[in-house]
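Shared chain: chain A. Partners: chain B in the first complex, chain C in the second.
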Partner chain A sequence: MSDHATTAHPSLPGAAHSETAIAARSRMKTGHFRWKALIPIVYILFLLLPIYWLVNMSFKTNQEILGALTLWPTNPTLHNYRVIFTDPSWYMGYVNSIIYVVMNMVISVAVALPAAYAFSRYRFLGDKHLFFWLLTNRMAPPAVFALPFFQLYSAFGLIDTHIAVALAHCLFNVPLAVWILEGFMSGVPKEIDETAYIDGYSFPKFFFKIFTPLIASGIGVAAFFCFMFSWVELLIARTLTVTDAKPISAIMTRTVSASGMDWGVLAAAGALTIIPGAIVIWFVRNYIAKGFALGRV
Partner chain B sequence: MLELINVSRRVGAEDHIIDVSLQLQRGSINVLLGPTLAGKTSLMRLMAGLDAPTSGKVVMDGKDVTGVPVRKRNVAMVYQQFINYPTLTVYENIASPMRVAGRPKAEIDAAVKKAADLLQMTPYLGRTPLNLSGGQQQRTALARALVKNADVVLLDEPLANLDYKLREELREELPKIFAETGAIFVYATTEPHEALLLGGQTATLSKGRVTQFGETTAVYRRPADLLTATTFSDPPLNVLAAEKRGQRFSGAGGVDFAAAPAHAGLGDGRYRIGVRPHRLELGTTHAAGFDARVTLTEVTGSETYIHATHVGTDIIALVHGVRRVDAGDTVHLSFDPAEILVFGEDGSAVAAPAAMAA
Partner chain C sequence: MEKTWNNKAWFFVLPVLLLVAFSAVIPLMTVVNYSVQDSFGNNQFFWYGADWFREVLTSERFHDALIRNLLFSAIILAIEVPLGILVALAMPKKGIWVPVCLVLMALPLLIPWNVVGTIWQVFARTDIGLLGYSVDALGIDYNYVRNTFDAWVTVVVMDVWHWTSLVVLLCYAGLVSIPDAYYQAAKIDGASRWAVFRYIQLPKMGRVLLIAVLLRFMDSFMIYTEPFVVTGGGPGNSTTFLSIDLVKLAIGQFNIGEAAAMSLIYFLIILALSWIFYTVMTNAGNDKPMTGGGE
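Right after this comes the complex of A and B.
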């Protein structure tokens, strides 16, 4: 019982007054440095270096990028960002990406909710096999699906539309969302459903008024994972779009202009691409660990 | 009146409920007594309409409600686990069935306040269930069952997960609170003494069958068969095999005593004798008795449980006071021949003590 109580903050770090935290603080006071600490520091620097370099480049001029190595911009400029925010062929890339990512999130979660409820609450013929089969959809590389999707969507005249990309990404995101939501739903005791029926709730009323709030964090995590996949996916998005729905990542790969490569603008575009992901992660940070465990903790 | 007529339920290859017929009157307290997996919850779910019987009929006030979904029936149920809506406040939790029924606000408010008052939940109405203690969570669930004013109130071991003190308190209050509503009150429990404290009617369950249904004290005093007697005995009933010849019972291991007047009329033959643990006494107080080898003693403060073996059968005696008996000792346990239950070889009761104080 009250499994859902434990879903509240499963991944929060230990309290600030934990033994290790106190020990760390007292070490800082004595000024004694432990060499073990070097390992995570080096690792984090290693991870952040490319991001720093990207941001660094985005504030440089092309001359400086191509010139001598500088650790930070000698003549910081916002020119690169200005290009992106004034040129529709740049900023529409973000708009397109956001449109199909949001569409995909909505479709995936809306489809996955009832499916996950069925898997979590009912036993039916082949339920376990079907449930596993769903996940195997994620095992094939997207390139496998690029050709059939292209052929299929051309036949329906959907090429270069946002919905085409959103639907194509559902192939990967719906199974994932079903798995995540099923985990969260199974953490809610079945007796809550029954109590609601005994109280007289109809199924839809129970589902939206009682059940959905109980798995709100699960819905958030599922939406986040859909976002993450759809936002970074390049191959299918590029295959299915031409100009009207072209995603930002596809635009970034075609930046050779008459004057050569526009390094600065490209770096600025890259830096901007990271931001939405960072914002979304902030909202679900407390539930991410449970999401990676597909809701099963 | 809620009637179950030859109700059975099969799940896969398993029989959960086998041919149960019961008649529960309005305003009555009914106890379903049986060990875990006896089918108490299954039976309740059939009464509620959460499950449909595989065969048989459920009739409510003369109307066949077999297969009518729970939503359409006026029932309330409280589970052993504390089940509430975690996202709603206690007030909304209690109000929930009335809100769904679309009652006017003032009526809901009055009913919720009254139920909260009865169950001493008034100070907590603004909290959410997960910020309450277990006892308060269960009170919330009980209050919700109360405001619904249901025809059938089903409590499935509602006090099992509560601490001792709360259990005593609630057990006393519950029948009173629900008696006023005139509902059919059904209470499932694994504990025989809880059934005796609640009174009313008791149905003893064993492996999906109702072995006996009747007034609680009557079922306890005069169990219809060995199965009922075993179910309705805690600590477990001691069963000895004995043969009656003339006016004497005799069995293995030195059991040999004169039959009490009540059993004098029984014909010669083999019987099984049931002796409740608290009827066994240390020493030779009574003529009937046997030697047993002690395996374990448990002292509860004012009483001592003596676990022993007697020619291969486990024996439990519950004796007054703190007795020092060590494992491995041989003790003599005796009982009053008038206070025994006598069963035939097939387990059906042939005689019970005429006036046995519970």
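Right after this comes the complex of A and C.
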């Protein structure tokens, strides 16, 4: 690509020719476009192929999966999905996951909102240390916390409850929500606060009537990322649950280790876990980078 | 933005402080507690001093896991960062394909981590997986369960599949924030494609790229679920990274004292890295206002 760019302009440099140079360059750009578009296309194919393979498998019977390698199901069957939707020990896994994920999302965003406001508007004793300490929790390896969490929640008799997992996931989701919301709130000029106070708004009225609508997209993004990181986490969720609150991802691993592997059902269960993410992603597509970078892009 | 000094802001932070203290400080103190004690069972503990730490720091097993993890992080960074930049550069800047690209690329990021493991465990099998079958059909002897090199390749490719999009999305957010005037100036100067990249795009992406590198490094440094599902840390210990080793030690062998000491050492490394990350994030935040990526 770069050799094209250098050889295609014998007339350069020369200020007199700059008009034609620009025209030539933009023409060249359109010529290049198709070639350049190949990279994202190939990359996306690479991303989708393993997912397609999982979905493909979920519509096959076990005999077909083990029998011969086929690129699409020759006898598409919904049997695997039927197994999941009729057996409570399977579909309750999804219900459990969604319960604790939503609980975690609500708790995280609710406590993070005032904290993020404080970080974005005020300086106070130890603010920077506190902000850093929050970050270390986002970066903490779950493996370090698995065993102590188990003991802590045993002591409170909370093992195998949804709230235990929801609280445990706050370890990394609350810092994440605070950082993301702080990023969005810092984008709102402080004059808005001051004008509201001059106009006689009380703090709660200002916060809910004026400020919250201004950062509505930020709240959405923070909620989405809490949802997501709680949804994809397995180690802690598995450690803290036995049967009643067991997440779907943990139920899947149990099937993997069982003898006489049921590949079709495993694939169907996996395919179903992709759906929630795939649905919400459309709404936050413009903020994905910002969310992953903790509100700082 | 000028901030006012007001210690009453502490009241706003209090709920977060209490919640995170409950889910971080208490468990961490349990770990500290275990790391300086030993037990003969029956819940009877006695003081063991710093011996566990000495043991972990001198143990070959810890060194091996650490080196393996650093090597893994280095490999995936070396692949994901250039690949991510390349894809971000080639992505369309406007038009209907932008959201389509963004959504499709973000898809792997939202899949539960053990499902990622399952997808690749199946995909790489030589009997029922497309990838394993194709590689096998090419005449290459491929078996990620028994062959160390194959296991590493599988785990690395899986991570590239899973996380390169993060680098792409961050770089892309940096790229679209470059004003058009920069490119026009470069056109007038007759800058080559390489010069545009080297002197306009790379410096403008610098900070985002740094965030991407740090995030990828941190997350690959604590990777657990994906390789655990695919290889279980094997064959032998060849894909046993730090987190997998820690869980083996704590839950598999129930060697709590040593596991606790290892946890703390592990955590201190993470802490040091977090400090770098924090400095980058907060310092860079000061020089320009931030806007949502991709808009």
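FYI, the second predicted complex is superposed on the first by the 250 of 297 C-alpha atoms of A that agree within 3 Å, B and C clash if a C-alpha of one lies under 4 Å from a C-alpha of the other, contacts with A are read in each partner's own complex, and residues count from 1 in each chain.
As a convention for this text, a contact is a pair of C-beta atoms (placed from the backbone, for glycine too) under 8 Å apart; a residue touches a chain by one contact, two chains touch by 3 or more.
These numbers come from a predicted model, not from an experiment.
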First, second, both or neither for A:M261, with chain B first and chain C second: neither
Touching partner for A:V242 - first (chain B), second (chain C), both, neither: neither
Partner chain(s) touched by A:I192 [first = chain B, second = chain C, both, neither]: first
Which of chain B and chain C A:V95 touches, first, second, both or neither: neither
First (chain B), second (chain C), both or neither touched by A:I210: first
Touched partner set for A:I51, first chain B, second chain C, both or neither: second
Comparing the two partners chain B and chain C, which touches a greater set of residues in chain A: C
First, second, both or neither for A:L234, with chain B first and chain C second: second
First (chain B), second (chain C), both or neither touched by A:L69: second
Touching both chain B and chain C, residues of chain A: 1-2, 4-5, 189
Complex contact set, residues of chain C against chain A: 1-13, 15-17, 19-20, 22-24, 26-28, 30-31, 83, 86-87, 90-92, 99, 101-115, 118-123, 127-131, 133, 161, 164-166, 168-170, 172-174, 184, 187-190, 192-194, 208, 211-212, 215, 218, 221-222, 224-225, 229, 242-244, 246-247, 250-251, 256, 259, 263, 266-267, 270-271, 273-275, 277-278, 281-282, 284-285, 289-295
Complex interface listing, chain B residues touching chain A: 48, 50, 69-71, 75-77, 79, 81-88, 96-97, 100-101, 130, 141, 144, 148
Complex interface listing, chain A residues touching chain B: 1-2, 4-5, 189, 191-192, 194-202, 205, 210, 213-214
Chain C-facing residues of chain A, complex: 1-2, 4-6, 9, 12-13, 18, 21-22, 25, 36-40, 43-44, 46-51, 53-54, 57, 65-66, 69, 71, 107, 110-112, 114-115, 117-125, 127-128, 130-132, 134-137, 139-149, 151-152, 167-168, 170-171, 174-175, 178, 183, 186-187, 189-190, 217, 228, 231-235, 249, 252-253, 256, 263, 266-267, 270, 273-274, 276-278, 280-282, 285-290, 292-297
